[in-house]
Every structure is written in C-alpha cells, then in structure tokens.
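The next block holds one structure in the form of structure tokens; read it before the comments.
Labels for the chains are A, B and C, by order of writing; each one numbers its residues from 1.
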Amino acid sequence: MIYSLGELAERIGADVAGDASRRIAGVRTLADAGPEHLSFFTSSRYLEAARASHAGAILAARGTTLPGRDLLFADSPQLALARALELFHPRPEPLPGVHATAIVGARARIDPTAAVGPFAVIGERVEIGARSVVGAHVVIGDGSVLGAGVTIHPHVVLYAGVRLGDRAEVHSGTVLGADGFGYATVKGRHHKIPQVGRVEIGADVEIGALSAIDRALLGATTIGAGTKVDNLVQVGHNVEVGEGSVLCGQAGIAGSAKLGRGVVLAGQAGVAGHLELGDGVQVAAKSAALESVSAGTPVAGIPAVPLGVWRRQQAVARRLPELWRRLLRIERRLGLGEEERDGSDDGNGNAGDKEA
Amino acid sequence: MIYSLGELAERIGADVAGDASRRIAGVRTLADAGPEHLSFFTSSRYLEAARASHAGAILAARGTTLPGRDLLFADSPQLALARALELFHPRPEPLPGVHATAIVGARARIDPTAAVGPFAVIGERVEIGARSVVGAHVVIGDGSVLGAGVTIHPHVVLYAGVRLGDRAEVHSGTVLGADGFGYATVKGRHHKIPQVGRVEIGADVEIGALSAIDRALLGATTIGAGTKVDNLVQVGHNVEVGEGSVLCGQAGIAGSAKLGRGVVLAGQAGVAGHLELGDGVQVAAKSAALESVSAGTPVAGIPAVPLGVWRRQQAVARRLPELWRRLLRIERRLGLGEEERDGSDDGNGNAGDKEA
Amino acid sequence: MIYSLGELAERIGADVAGDASRRIAGVRTLADAGPEHLSFFTSSRYLEAARASHAGAILAARGTTLPGRDLLFADSPQLALARALELFHPRPEPLPGVHATAIVGARARIDPTAAVGPFAVIGERVEIGARSVVGAHVVIGDGSVLGAGVTIHPHVVLYAGVRLGDRAEVHSGTVLGADGFGYATVKGRHHKIPQVGRVEIGADVEIGALSAIDRALLGATTIGAGTKVDNLVQVGHNVEVGEGSVLCGQAGIAGSAKLGRGVVLAGQAGVAGHLELGDGVQVAAKSAALESVSAGTPVAGIPAVPLGVWRRQQAVARRLPELWRRLLRIERRLGLGEEERDGSDDGNGNAGDKEA
C-alpha cells in the first residue's frame, strides 16, 4: 500500500504542510523512518529526535515547526496516527466457522460469521454474535453472551454468565467471572460465600492481558462502555466502573467500590472496597484511594489526598531533614534540652520485632 | 426451589422475626430483591438501602430494627448468607470420568468418581482423589497429587510435584510450582539456581485467578490449611503461610518469608523475603512489611510500622505544611534567618537526574 | 547418583575442608539434610540453623567456621550450589518431535530436535530452533521466531512477531506481545491506536509466570540478554530493558521507559513512562521511579529519591509525632498560640469527600 501524503492526510483527517505528492509506504518510529515513511511525535520531549529523523513526513501537533520537512497537522495527532496505522495495518479478517477441534456445548448459538479457534471450549447456551472472533484455547462458561464484533484472544477464560458488549476485546490470559473473594469468618475459619452473580462488560471495552474481573456475589460486576483496562489489573466482586474510564497496569479495585465515568487509575494504583470515586477522578500512580473522592478530583498518595494537598505535603516531606535541623537550632537558641523527649514514642515501634 | 422463611431459617441457622410462613424463592441484592426474595446487609452503611429495598425478608445482624419487615437474625449473618446461597445455588455435580480429548500420563491414578475436562494434560504418576474436578485445559505436572473433592478451574497449570489437600480450589490462570526466582550473580551474570523443591497446599485452601505460587529451591513452599488467596497474588519460593491466613488481591510475598496462622495481607500489600510475621499479623493495604512483625500486631505503611504508630505519623504528615509555617513563624520571632540552611540537603537530591 | 565430597567439590568449583571421601547422595535444606547430604547457607542469619543441621557436609562462604563439620568453600556459594543442583537434578531431555494433537501453521519451520507439546498451536511462518521445547497448550502467533535451546512452559501465549533468543525460558501463563495500552482520547472517547510493533527477548532471558510484555506501538519492546524477570511483572509497550537486569515480582514498567544494563527493580517497584534509568540503577521494593535516575544510583520511596536521601527523610518521618510535640513545646515557651494556624490547610483536604 502506498499513498500520496495528500491522500493520506485526507483519509486520516490531517492537513499537509509541504509536498502533498510525496509517496508514503508506511509508518515508522522517528529512529526507523526513511524518506518513504510517515513518522510522528506527540510530546515536545521528542522534538530533537524529530529533527534528527530521516522520516519523509512527520505528523505533529498544530503549530510545530520543523524547517525543511513535510508535515501533517491534526487536532489530535494521536487520533490521526491511529487512523494511519489502521490504514497500513488492517486487521486480518478471520475465516468464519468453528475449528474442528473446538468443543461446543448444547444449545450454544454461534453466528455463522463468527470464528472459533482450535481447542476452544464453548459451554451450553453460549451466544456468540456476528463477526466475533474467539481465539485458540478460549474457555467460555455456560450461558455467557458475546455481542457482535467481539475479539477474544487465545487463552482467555470466561466463567459462566459473563456478558461482553459489541466490539469488546479481551487479551490473552485474562479471566472474567472467577469467584469474588468473600468468606464468612467465624472463629478463625473462613467459610466460602458462594458467588452467584455475573460480570457485565460494556461495548467497546478493551481488557489487557492477565487481568481478573471477578463475578459478583449477587447482581453484577460491571465495566462501562468504552472503558479501557490494561494488563494485570484486579477488579473485585460487585465493583462498578463507569463508562470511558481507564485502569492502567497493575491497578486494583477492591470489592463493591463504585467508580464513575471517565475515572483514571494510573499504574499500580489501588482503590479500597465499598467507596465511591466520582466522575473524572484521577488516582495517581502507586497511590491508594482509601476513602471516597468527589467528582473531578485528582488524588495522590497513600492514603490518597487531593493532588494539590499531596504536593504541599511532599514539598515539606522532602525537606524533613532540614526541618529537623532547624528545630534543633531553635531549641539550642532557647536552651531547650532533648531530655523532654518521650523515648517510648520514637515513631518506629517495630524495633522489638527485628530478627535479622 | 421455594422455602418458607421458617424452613430457610432452620436450614441456615437463623431466627425469624416476622412471618415464618413467607415463601422465599431466592436471594437477591437489596436493590434487586422483591417480596419473594431474601436479601441481606452486613454493614450499617447499607441500612438506608435496606429500608428502601422491596425484599420480602432481610437477613441482618442481631439487634437490627427494620419496622414492618420480616427479618432473619443470625450470629454471623455472613455465614447464614453463605448457607442460604448454597441452598439456592447448589454446585452442579460434574459427570465423573476423563474427557475423550484429555491426555493422561503413564501410571496416573484418577479416582473413578473424579472428572477431568477436555484438553487436560495429566502427567505421569499424578494422583487425583475422589470427586475432584479438573477443568478444561488444565495441565498437571508429573507426580502431582490432588486430594479428594479438589476443584481445579480451567487453564490452571501445576508444575511437577505439587500437592493439593482435600477440598482445595484453584481458579483459572493460576500457576503453582513455577521455578522460584533464584540466581547466583557473578560478575553481573545471573546463573540460574535449579529450583528442585515442591509446593504443598493444605486442605480447604482456595486460590483465586492468576496467582503464582513458586516451587521451593529445596524443601517446600507451603500454604496452610484453610488459607484463602485472592487474585494476582505472588508467593515466592520457600515461603511458608500458616493456616487460616488471608492474602488479598495483588499481595506479594518474597522468598523464604514465614507467615504465621491467621495472618492477613490486605490488597497490594508486600512482604519482604526472609522475615517472619507472627500469628494474626495484619498488613494494611498497599503497605510493605520489610522487617519481622511479632504476633498479633497490625501494621501499616512503607516500611510498615504498628498501626497506632502509623496513625500518629500520618496525623503529623497531613499537617506538614502547617508545621512548616509554624516553624517559620518561630524563626521569625527569634530572628533566625534561613541562611543557616544547608542547601546541599534539600531532601530531594534527585534533581540532577531529571531529564524530561 | 552418589559422589564423594572431593569429586563433588571438583565438579562444582569448591574446596573441601574436611573428609573428602564422605559420600554425598543429594542436596537438602539445613532442616532436611542427613549425613549423606550436602546442605548450604549463604547468609549469616542461618548460622544457628547450620549448627543444628544434621547435614554431612555444608557449603558456605569462605572463612565460615563450623567446628566438627565437613565443609565446602566457594567464592560464590550460590554458584557452587547451582552447579551441585544441576548435577543431582539434571533437566529431563524432552523427546523431540511435534505432538500429534499440536496444530502447526503453514510454512512453520520446527527443528527436528525441538519438542512441541500437546494442543500447542503454532502459527504460520513460525521458526523454532534446535532443542527448543514448547509446552502443552502454548500458542505461538504468526511469524514468531524462537532460537535454539528455548524453553516455553505450558500455557504461554506469544502473539504474532515475537522473537526469543537462544536459551530463553518462559514460564506458564506469561503473555508476550499483547497490544500496548495506547489510545487517542478525544472528547472522552478512547480510540485504539493499533499496536503494530514487536517484542524482542534476548538470549538467556528467563521470564517467570504470568508476566506480560506488550508489543510496541511501532518498533520493538526489548528485553536485553541475560535479564531475569519474575512473576506477574508488567512491561509496557516500547520499553527497553538492558542486559543483565533483574525485574522482581509484581514490578511494573510503563510505556517507553528505558532501563540500562544491570538495573534492578525490587518487588512491587514501579517505573513511570518515558524516563530513563541508567546502568545499575536499583529501585527499592514498593518504590516508584517517577523521574529519570542516573547510572549507579539506588533509589527508594514514592516518588523515588536516592537511597541516602530516603533514609534521612525516613529517619525524621519516624519521629514526626515527637517533632510535633517539640514544636508545641517551643511555641509554649514563646507564648505563641495556635490561633495563627490556617485551618483551611490542615493537610488532609479530603474530608469533604468522605461519603462512608
């Protein structure tokens, strides 16, 4: 596939600044691109790399200046990039049909345009919609329902009663609908509370590799339409995540937490159980929301506090050794001795446990 | 299945306060329940939802008042709930036998009442006890031994030499017995130390989805009877976890750590290697035990300190900006300038590394 | 297999201090060893256990004294241990050939000395080198290339276009080459950016169970030769990890971060996207590198700062309650009231969000 820069610009919703007749054969990174390639950058930190690139054309944010270059401008360079990549790398059309080695349960309804891969095990009464693709080794439990255009990569497991909306995509190793973590603990013994609820994943949700979304105790664990979930993410039972949210790698949400729309959990963030994060809340990387947060608030820290508060605390935390010295200086000036200090409360308290 | 409230109460160990003849057809959440349903609540935060519910009967803690309702009281509402759910949702009895597509190794001994699913691969000399269920695609390495009534969900991998006690349950994607992470590093090269030990899982242990419990270098990595492990939990080689412990989602335990009985690791907690947590230690969410902790101590923070100490530290940490201002006020009062401050120790020290 | 202590010493590169004719039948832990076993210890914390052991011979660091014992000394006891374990536990040689149930794509080239297990699904144009072992249920996407002597344990998924160097080893459940987490977000909608790059794993890399290494957007996500990756580790798209690095359990690296050679991420550590960690950087357990770090620097904390700085901050942080009391004492001495305190900045600021 080769496009002129002008054609390409039109197809991806960009404007040309330069030679619209330049022929473009693909998209490459700044380092790998040659004169026949389109490259891109979306952050000013890569401006130097862009200057040094051999790319014939570069897609950038409006207002970028790169003298002597053919440029493509777009309101959202990322979106234009996505479209360019779709153009040069169209998804392969899977062959419809059920592989001879797949095992399909009684009364399952698989659309004739859907594709089911080798060694897949499809339970009873499962429904798989038009053009959906079920990869090799996927296991789908009884009564689960997949909409149209769904993509399930190899080695995904859906327990019974999981619903996936249209165009949802689930990456390898992910487990949807395993039992929630619920026990009745009596005299130190943990009695399993049967987890008989469901998992409901909205349309256009993408879930990365090796994530776990547990079924509800009763009712449903729900992921709203358009939400994107990264790898190794944990979603506990009865959690509700609103539409258009983003859960980054290794984030975790404890049971019965309720997240609004457009919530962002950065990498390794955590959310405690039974709380609410309002629409648009952002939890910073490695932070832990242990209390509810009202809509629109970015939070950080363990426990998480509003970002501005966290920054002010951090500003002082970084200067704690200095603060201590200045306190000592004041005490010296005032002739205050250290003897008043209460040795029992040295703030560590763990010393007695040291064994190493 | 329909029970009168009285029958139900008797079967789940609860007392009726109200109309014992009410007919109950199932258990539902407070929001979903109708007059023919039992619902429940176990925390006062859901009292309003309970009042608003259309549930015909509600299971609650003794002493709860909900005027005009049929109530069930139990010493442990959770345990009564577990029993009610077992009653209305009995586990399906799997058909005994080995699926035609499963591959079974030489000298494996599979009890005739056990069930082995499609595409399972059972190694040599494996033993599977009575009424155990091995799901689709499960791989069981040579010489592994499963007790009676064990449930292995689809896509679990047991390496060679893993032992599972009676009634243990393992959810999809979990890997038991992969090599521990051990290398001899000489001049920057990491030489693998063969991991030739075992994994031993006690009776009544449940392990969630996508958790990893590594085999020991020598000897055994052990999980005590009745311990419950959530999803995406990491247990390093030679770790010992005592009976009745609880490891919540995304918790991690480094090699050779020894946890007592009834230890609780909350979500995303971490435990460093080669240390001991005594019986009943609780590590708070997102905290990291970097030193041994004596029995019965709840700890929090990174590094973890006793919970009371952590709370006192946090109380001041939250007020650090105020503390700083008050320090400055004192310095002003005393006419102490800032010039004495040692600029080389601004507590950040990382500034020279900033590249972005 | 039985060796004299002298033979054993010679084969593992150790020196005998004691009876070289003692017959050794295996390696055991200090607790499990008897007179016919070699045991070992590599940390002084196990000296007492070594004294109490019934082991016939003990491998230890040079200079160790254990009166009345046959000892083996080595410069690196760990390396000598590795060799002893290799001697007593040689890897089973898998039978070459492709299992009858495996499905192999068109134009795949599988070396006749390689072994492919049951239910494996090998894509088109895949190459598998000499003596490589592909376990049961492994899925290898189109065009992936495995070098010689590679070991892929059961239930690993390689998406299309993943390259593994010679002697690489990948444990069960790991997913290599799933799509990177990249979206163009416009007006709250997240549009997928096709991830069309590769994953390249160097020679002698070992990857634990249930880790995820995403394919690049363009170009390659790369893991340098000799690097070791533990379980449940997340590596984002376009990350570059240098040679001989160590990524411990549950560590995570966000997209486009660049790690040098010999970098160590301890357990549950995190690295933010688009930054650089120089050669030999060490990130402490549970810490988060949010900015670039120059070569050779150990860092700790959230956000991570140089280890020495972190220690000084921690020393004060532990004494915050005391610091507060001493501040109050000074204020009392100076007759400074608390009324000057600015109540609006109590450092919590989250109180208004509490909903529970």
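By our rule, a residue touches a chain if its C-beta (ideal position, glycine included) is under 8 Å from a C-beta of that chain, and two chains touch if they have at least 3 such contacts.
What you see is a predicted model, and the numbers here were worked out from it, not measured in a lab.
Enquirer: For the two copies chain B and chain C, what rotation in degrees overlays their C-alpha atoms? Round to the nearest 5.
Expert: 120
Enquirer: Are the interface residues of chain A and chain C largely the same numbers on each copy, more than half shared, or largely different?
Expert: different
Enquirer: Could you grab the centroid distance between chain A and chain C? Build each centroid from C-alpha atoms only and quote it in angstrom.
Expert: 23
Enquirer: Which residues belonging to chain B are in contact with no fewer than two other chains?
Expert: Only 45, 119, 137, 155, 173, 210, 232, 250, 268, 274, 302-303, 305, 312-313, 317-318, 320-321, 323, 327, 330, 334, 345, 347-348, 356 qualify.
Enquirer: Could you please specify the touching residues of chain C with respect to chain B in the complex?
Expert: 27-29, 31-32, 43, 45, 76, 78-79, 81-82, 85-86, 88-89, 101, 117-119, 135-137, 153-155, 171-173, 206, 208-210, 226, 228, 230-232, 244, 246, 248-250, 261-262, 267-268, 274-276, 285-286, 291-294, 297, 299, 302-306, 308-309, 312-314, 317-318, 320-321, 323-324, 327, 330-331, 334, 336, 340-342, 345-348, 356
Enquirer: Under the definition above, what is the set of chain B residues touching chain C in their complex?
Expert: 45, 103, 119, 121, 137, 139, 155, 157, 159, 173, 175, 178-179, 181, 183-186, 188-194, 196, 210-212, 214, 218-219, 232, 234, 236, 250, 252, 254, 268, 270, 272, 274, 288, 290, 302-303, 305, 312-313, 315-323, 325-327, 329-330, 333-334, 345, 347-350, 352-356
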